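Consider the two complexes below, in which chain A is the common component and chain B and chain C are the respective partners.
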Partner chain A sequence: MTETVGIVIVSHSSDIAKGTADMVRQMVGSEVKVAFCGGNPDGGLGTSVQLIIDAINAAWSPKGVAVLVDLGGAETNSEMAVEMLEPARRDLVVVCNAPIVEGAVMAATEAAGGSTLAQVKAVAEELSAD
Partner chain B sequence: MSVPSETFKSLVKAAAEQVIASAPELTSLDQAIGDGDHGTNMKRGCEAVLGKLDAISAQPLDEAFKMIGKTLVMTVGGASGPLYGSFFLAAGEALSHDKHLPEDLADVFGSAVNAVSARGRSHVGEKTMLDVLVPVLETLKTAAGQPDLIARVRATATDAVERTAPMQATKGRASFLGARSVGHVDPGARSSCVLVQAVCAGLEARA
Partner chain C sequence: MLDRADGQIFTGNVRLVHAVGMHARPAVKLTKLAKKFQAQISVRVAGAPEWINAKSVAKIMAMRAAHGSTIEIKASGTDAEAAVAALVDLVASDFPDGAG
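So, the complex of A and B:
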């Protein structure tokens, strides 16, 4: 199987993260690795740097990983998680500035076609362009 | 000069306990202009720091600061985790590179504040914790070596928090409210003030 860019979905809510991942799998299929996480370290609404690191490693691909986030803290914690990865992986992970559901579906669709990490990020971020 | 590990430990304990005691107030401020989790998030992070306090204070000072930072990053669960985490990680990093406490306090604090600014891509005047940390840094620089340094830092922090009330948030969740964020004190600025005041009180008690 050809390697594709992996997708990570990070929401404050584990329900939203799981639901988004379900939509990606149904619409794009299983050839793209998708991992998700939601909830703070106590399981309440929020995000957890450790869970984000685990999700990135679970979706790992040599082509890199695109991370889709919902609100502020999810983005800040995702950026922190990327910096805490092992050095060889850090430069192969991007946090996309895109709406979480549409961005994840568009990014996974692009990734399924074998696109590069930069292409996957660009397609997801087109959704945020005016 | 150096900071004795017992002093460090008692200051960290005082600061963490004060934040925990302030959690209801921080949450209520955050409910007004954020998502209402700042108090519980900071409380969780500070409880984790207290839980590791013996291990933390057994480290050399630079590693102790980094452990505090990493603990906050891993346990807070909101944006304040990476923000406060970066503050302590950068302070530890400065201490690993030829800076020493207490004599280089302003330099170390400056490195820490810069890390918060970089992490949040934010600057002073945007109704954030930087609106307390940056004025405190200025006082640390201008009043360095003065006998009333601690009193001036305390006054600076208290004034600075109140000055966030009329600001309109342009960063963080409060920015979603636009003009409606005006009139409320920023919860991150308040938690920064709580930390600064707790450390000052601890130092006064030891003086």
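So, the complex of A and C:
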């Protein structure tokens, strides 16, 4: 099987993160690796840099990983997580400027066809283009 | 063979039998299947002014084809004929699980 870009979903809510990942798996299929994290380590709403790093590594692919986020802190913490990755991986992770559910489904659909990380990001961001 | 078929355009028409029309799941399946071909593939609801790139999931979802409408498919490129046949089959068979 050819490698596909991995998808990471980062929400403030673990329910939203898990539900979004479920939608991707059911709609797109299992050929794309999907990892998710949501909530802070105490079980409340929030995002955790360490959990985001773990999710990126879980979804890792040599073609890279596209991260979909919800609100404010999810984005800044995801950017921080990318900076804390081992150097060889940093340049192969992008945080997409896209709605989390729609972006994740479309990014995964594009990834399933074997597209590059740049193509996957562009498709996810098509929705916020205009 | 100097006379390659690259310039030839293949077309197909198929009725959308899916109960709720072209919603998210069928759109994902159609796009995934289209991406398996090298050919340039476009679709539209019959008579619509614009053709839509069949490999763009966002545009396919947005085309809002209704139940019972006819989808027109056209393709050009090396595997265009097979692409049209596969997409017609996908729509006609109501987007079975595992397809695409």
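Points to keep in mind about this one:
One rule holds for everything that comes next: the second predicted complex is superposed on the first by the 130 of 130 C-alpha atoms of A that agree within 3 Å, B and C clash if a C-alpha of one lies under 4 Å from a C-alpha of the other, contacts with A are read in each partner's own complex, and residues count from 1 in each chain.
Just so it is clear, a residue touches a chain if its C-beta (ideal position, glycine included) is under 8 Å from a C-beta of that chain, and two chains touch if they have at least 3 such contacts.
Worth saying up front: this structure is predicted, and the values here are computed from it rather than measured.
By the touch criterion defined above, A:10 reaches neither chain B nor chain C. Contacts of A:117 after superposition on the shared chain: neither chain B nor chain C is touched. Set side by side, chain B and chain C differ in how many residues of chain A they touch, and the one touching more is B.
When both complexes are overlaid on chain A, the residue A:80 reaches chain B alone and has no touch with chain C. In the superposed model, A:109 lies in contact with chain C only, and not with chain B.
Of the two partner chains, chain B is the only one that A:50 touches; chain C does not reach it. After overlaying the two complexes on the shared chain, residue contacts for A:28 are found with chain C alone; chain B is out of touch.
Contact with chain B, but none with chain C, is seen for A:72 once the two complexes are overlaid on the shared chain. Of the two partner chains placed around the shared chain by superposition, chain B is the only one that A:42 touches, whereas chain C remains out of contact. In the superposed model, A:93 lies in contact with neither chain B nor chain C. When both complexes are aligned on chain A by C-alpha atoms, no chain A residue touches chain B in the first and chain C in the second.
Partner chain C is touched in their complex by these residues of chain A: 27-29, 105-106, 109-110, 112-115, 123, 126-127.
Partner chain B is touched in their complex by these residues of chain A: 40-42, 44-50, 71-73, 75-77, 79-80, 84. Contacts from chain B toward chain A in the complex involve residues 35, 37, 40-41, 44, 73-83, 85-86, 119-120, 172-173.
Of all residues in chain C, those touching chain A in their complex are 24-25, 28, 31-32, 35-36, 55-58.
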